[in-house]
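First chain A sits with chain B, and in the next complex the same chain sits with chain C.
Here is the complex of A and B:
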């Protein structure tokens, strides 16, 4: 029965798993002084995995085990995006790990395993596989958040994250079991077929899907499931915070996008208002509470909650009902989500990397301590400003273009009010981003003020972080002025979601 | 007949589960968990899932309970007398009751095909004269090979992470970084 399964299709995933093992075991044999090469071995492995995937799967549309694993343009887009993202986080961690983390081997090895979990979330065509891939990501993140084990804040945030993470996973699993009970399948296409055949939703299905949405809502920190995020973001090691804010969210949205467009699209009339409400609450609350934050990591946590609101606006707009009453998949919305995820990831990683560098110099994450940053390090404050402008969505930076794609799709799907609200929320976000920039550039110490932590410290940006910031800076400008290539890639990924796959090579399940 | 056995086992399971959450003594709660696990194993047997019943007894009732007892034994410095309640207790109670009612209503009014004709499924399994082992092995290593492999990676991550977090260090905790770095860069 399994003789004709094309296991070669999984080569890029095998490379990732093998690299994780390799880094873990090299850590045991390398002398302490040589462990600095571990991240670079890891990055080389990630590049190999992306190259293999791009070459081997470029034009391949295939399913393994009847749709448990799907290889198509959509999976490929997220494979490349998530692995590159993970590699960028890895390079961004190099300086931080050297100073603050005692287990480099475990840190990088588990980081690679979490990347494996992320890419599998995007290619899973079935709820259980998606769930267990998400657990791989979550377990890795629990460990990474806790790795500064002598820091009581890190301990606190790890404890909160593990408890709430396990709780939300259980909620989602319970929802999956109810969906299976009613539809008899966990495959996305099977669920879609059931929804098409039974337009009146069974109560078990409604409750099950609500539980799944709640579980996923916890993972992406959508209001009202967001309470854990600021505490966890504040206490986690800063590169891990960046990874939480971009990697785990991007992967969760990769899962959500495939689940909602391939599985739940026929019932869009039943959930689009619910998701739109979540989106509205998330963008309003995230951006309003961010104004009051004094700690920059907490501020970025609330701002990333706001960004989740924009992305949920895209999810709510995934389908439009045409004149004949049939549901049509909106490629524009899914392209918008993917493009915005990329732009958001680049800008957010840049912002968090600046925060990490400043923290290693000063030991402080307080916004008030950023006074004088422009004088001490013009480079850092320039990159920080561009990153924050991009997150706010100012023209010429990545955020403007990607928000434009997303909000237009929302307006087209009939959510004009929500797109308007999103624009107002973006304006609000500009206010608290500008506060940080004002601190860095404008504020002068008045008579009798104590020196801020930044003013007291000697500044020196380590080479790796300097180069990484440069790459992210160029990325933000490039996406901002020339987004066509990215949009084209996202378009072809959306195509893959919108079409029924040719499954001639698949196993009969 | 099997209905009577099921209800007896179900009552045992629920009593065990209630013991886990209601008993304030951690060791007694763990032993209640053992009862609940054994009850579930019995329910698996009634459902003709011999392999699951066996795994349930060996792994959950056996290994997991022992590990929990070991963890309690090794970590507990004093008895856990601290107050674990907080003012939100009534709210939590209301929400829990609400969820319970909602889920119960869902199961009453929901149309679950598998529940409608449970006997036919059981009879089919019984007639196939399978012990369940082949079925479980076949689906684990064929249909569900990918999630099965991912689960093993999860276990690896959990193990490596637990050791990294729990092991002692040769030297004292890292000095706060800001001091260290300023010296380097100066």
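Here is the complex of A and C:
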């Protein structure tokens, strides 16, 4: 009985951890004037990590430590996606950090640790590992949210975030201990085996799974567990808000997708209606409350709650019961979730980056202050409009294609009403996105109006932000008109989820 | 002592923690209540690993397989992890509460109302 530990396979994770430590300690050594290179060192490390992952793990299916860590196409897809996303956030925050955050080393170092947490969430094959990875992400986020130490909004939101975050972890852990008590295992496939053998759910298992769903619901901010999100999003430094809205959500869905498709799929009849209800409530409430927001970060927070609703629709349709009564994994749904996550991430990051640049110039996040943006900076307002159109799901932009994938999967799985509701919700979202665009392009100052913050300020877009916005702009269009490559990658990742891994694990379980 | 008794203690603790976390308005009290919830988790996990006989063990009661060891130890592993994570969580939480206190002179969460809506 030798433990099956091919440590080489973990090289990309080691690179990430080492990079985090390196950036943190370089911050101590470097003189203040030279600290501008820290993010670029970090980005170089992230590129190295992605490259090694792609080289080492391409076409490789392996389980490490007896299935605790799973390396397959699915993990690889999310590794590449999440690390690139983290790198994009890092580049996008260079200007903001220079202006508003006093501790660049801490910011970038902790950002890299949180990326490590995210990728581990996608590759965890067991509840406890998934929990620890999630805490690595959450702890990093608590610190990142609080990094504008002298800003009272930043403090307040961090305090709210950690109190509710710790509360939700405790709830989720109680669920995990219940599930472990009833099934005798914390491994996803062990839970699946238990569910197949005992189709009638034990009451302890129902309680445990509900608590786990509640805990995960907190992390992705699904209604009714969403109360923390708007406040935290508003108070956090803007790049961190972007990261919260995109990265932590994508990682949580990576975890949810693996847990639900590898672990809980046999009991889908018992949870699909629950998840569908959550999805419906989330998309309706998120999109409706977004309408009356005056602060653009808050509006984007509610809109991202709405997006979680669409993603949960995908989760609810993860499995279809065939004529013989057997549960069949729906690859379409999981592909839809992954594709939508990518499209949503690109568009949302672009929107938040524009908000960050505008805030750096004007000091305001109010939607009413966006009047005159098109005159001051046509480029910014163009990217902002495309990003918002993409989030709303207009054709030619990323959001349309990705929503198309997701909603068809939902309709196929028998959730026609939910897919219809999602489309109506998208229409509603178009209304409040258009309000911002109208502010930027159409509104003229009438007689006696005060100048808005945008009109008052001198405007320029820093080079790094300018380039990053360009990349995201191209990305949104590219996914919108030519999604095949992305869909193929997501497809092969879903394949990995759908098949039983044929690996020899030394540790039995 | 049976599994039911210990689980009862654990669930009562969890409920007390839940009540405290929801009803108290002092941030430190909330953190303490959350700590109680974490400890309820520990008790439940340890109780399960002590009292449940794995199905695999009942077939071959004599041979101690690696499977059996792993099953018996998962609960204890879980509680060790939880203790560590909870300590880190509370350390961070208290640090943030101190930052808030320095700025506002209060740790009452009902006063954290700069943002709402």
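The definition used in the following text is that the second predicted complex is superposed on the first by the 500 of 509 C-alpha atoms of A that agree within 3 Å, B and C clash if a C-alpha of one lies under 4 Å from a C-alpha of the other, contacts with A are read in each partner's own complex, and residues count from 1 in each chain.
Keep this in mind: a residue touches a chain if its C-beta (ideal position, glycine included) is under 8 Å from a C-beta of that chain, and two chains touch if they have at least 3 such contacts.
Just so we're clear, the structure is a prediction, and the values are computed from it rather than from any experiment.
Novice: Of the partners chain B and chain C, which touch A:230 in the superposed model: first, second, both, neither?
Specialist: Only chain C; A:230 stays clear of chain B.
Novice: Per the contact definition in the header, classify A:495: touching chain B only (first), chain C only (second), both, or neither.
Specialist: neither
Novice: Could you look at A:412 and tell me whether it touches chain B, chain C, both or neither (first, second, both, neither)?
Specialist: After superposing on A, A:412 lies clear of both chain B and chain C.
Novice: In the superposed arrangement, does A:106 touch chain B (first), chain C (second), both or neither?
Specialist: first
Novice: One more residue to check, A:24. First (chain B), second (chain C), both or neither?
Specialist: After superposing on A, A:24 lies in contact with chain B but is clear of chain C.
Novice: With the two complexes superposed on chain A, say which partner A:293 touches: chain B (first), chain C (second), both, or neither.
Specialist: Second partner only, chain C.
Novice: When the two structures are overlaid on chain A, which partner does A:156 contact: first (chain B), second (chain C), both, or neither?
Specialist: The answer is second: A:156 touches chain C but not chain B.
Novice: Now for A:135: first (chain B), second (chain C), both, or neither, which partner does it touch?
Specialist: both
Novice: With both complexes superposed on chain A, which partner does A:166 reach: first (chain B), second (chain C), both or neither?
Specialist: Only chain C is touched by A:166; chain B is not.
Novice: Which chain A residues come up in both lists, the one for chain B and the one for chain C?
Specialist: Shared contact residues on chain A (touching chain B in one complex, chain C in the other): 1, 66, 128, 132, 135, 139, 142-143, 146, 149-150, 178, 181, 184, 509.
Novice: Which residues of chain C touch chain A in their complex?
Specialist: Residues 14, 17, 21, 27, 30-31, 34, 37-38, 40-41, 44-45, 47-48, 52, 54-55, 65-67, 70-71, 74-75, 77-78, 81-82, 85, 88-90, 92-93, 96-97, 99-100, 103-104, 109, 112, 114-117.
Novice: Within the complex, which stretch of chain B touches chain A?
Specialist: The contact residues of chain B facing chain A are 102-103, 105-107, 109-115, 138, 141-147, 150-151, 153-154, 156-158, 160-161, 164-165, 169, 173-174, 176-178, 180-182, 185-186.
Novice: Using the touch rule from the top, collect the residues of chain A that touch chain C in their complex.
Specialist: Listed in rising order, the residues of chain A that touch chain C are 1, 66, 128, 131-132, 135, 139, 142-143, 146, 149-150, 152-153, 155-160, 162-163, 166-167, 169-171, 173-174, 176-178, 180-181, 184-186, 230-231, 234-235, 293, 298, 507-509.
Novice: So in the complex, which bits of chain A are touching chain B?
Specialist: Result: residues 1-2, 10, 17, 20, 24, 64-66, 68-69, 99-100, 102-103, 106, 109-110, 113-114, 116-117, 120, 128-129, 132-133, 135-136, 139-140, 142-143, 146-147, 149-150, 178, 181-182, 184, 202-205, 207, 360-363, 457-460, 509 of chain A touch chain B.
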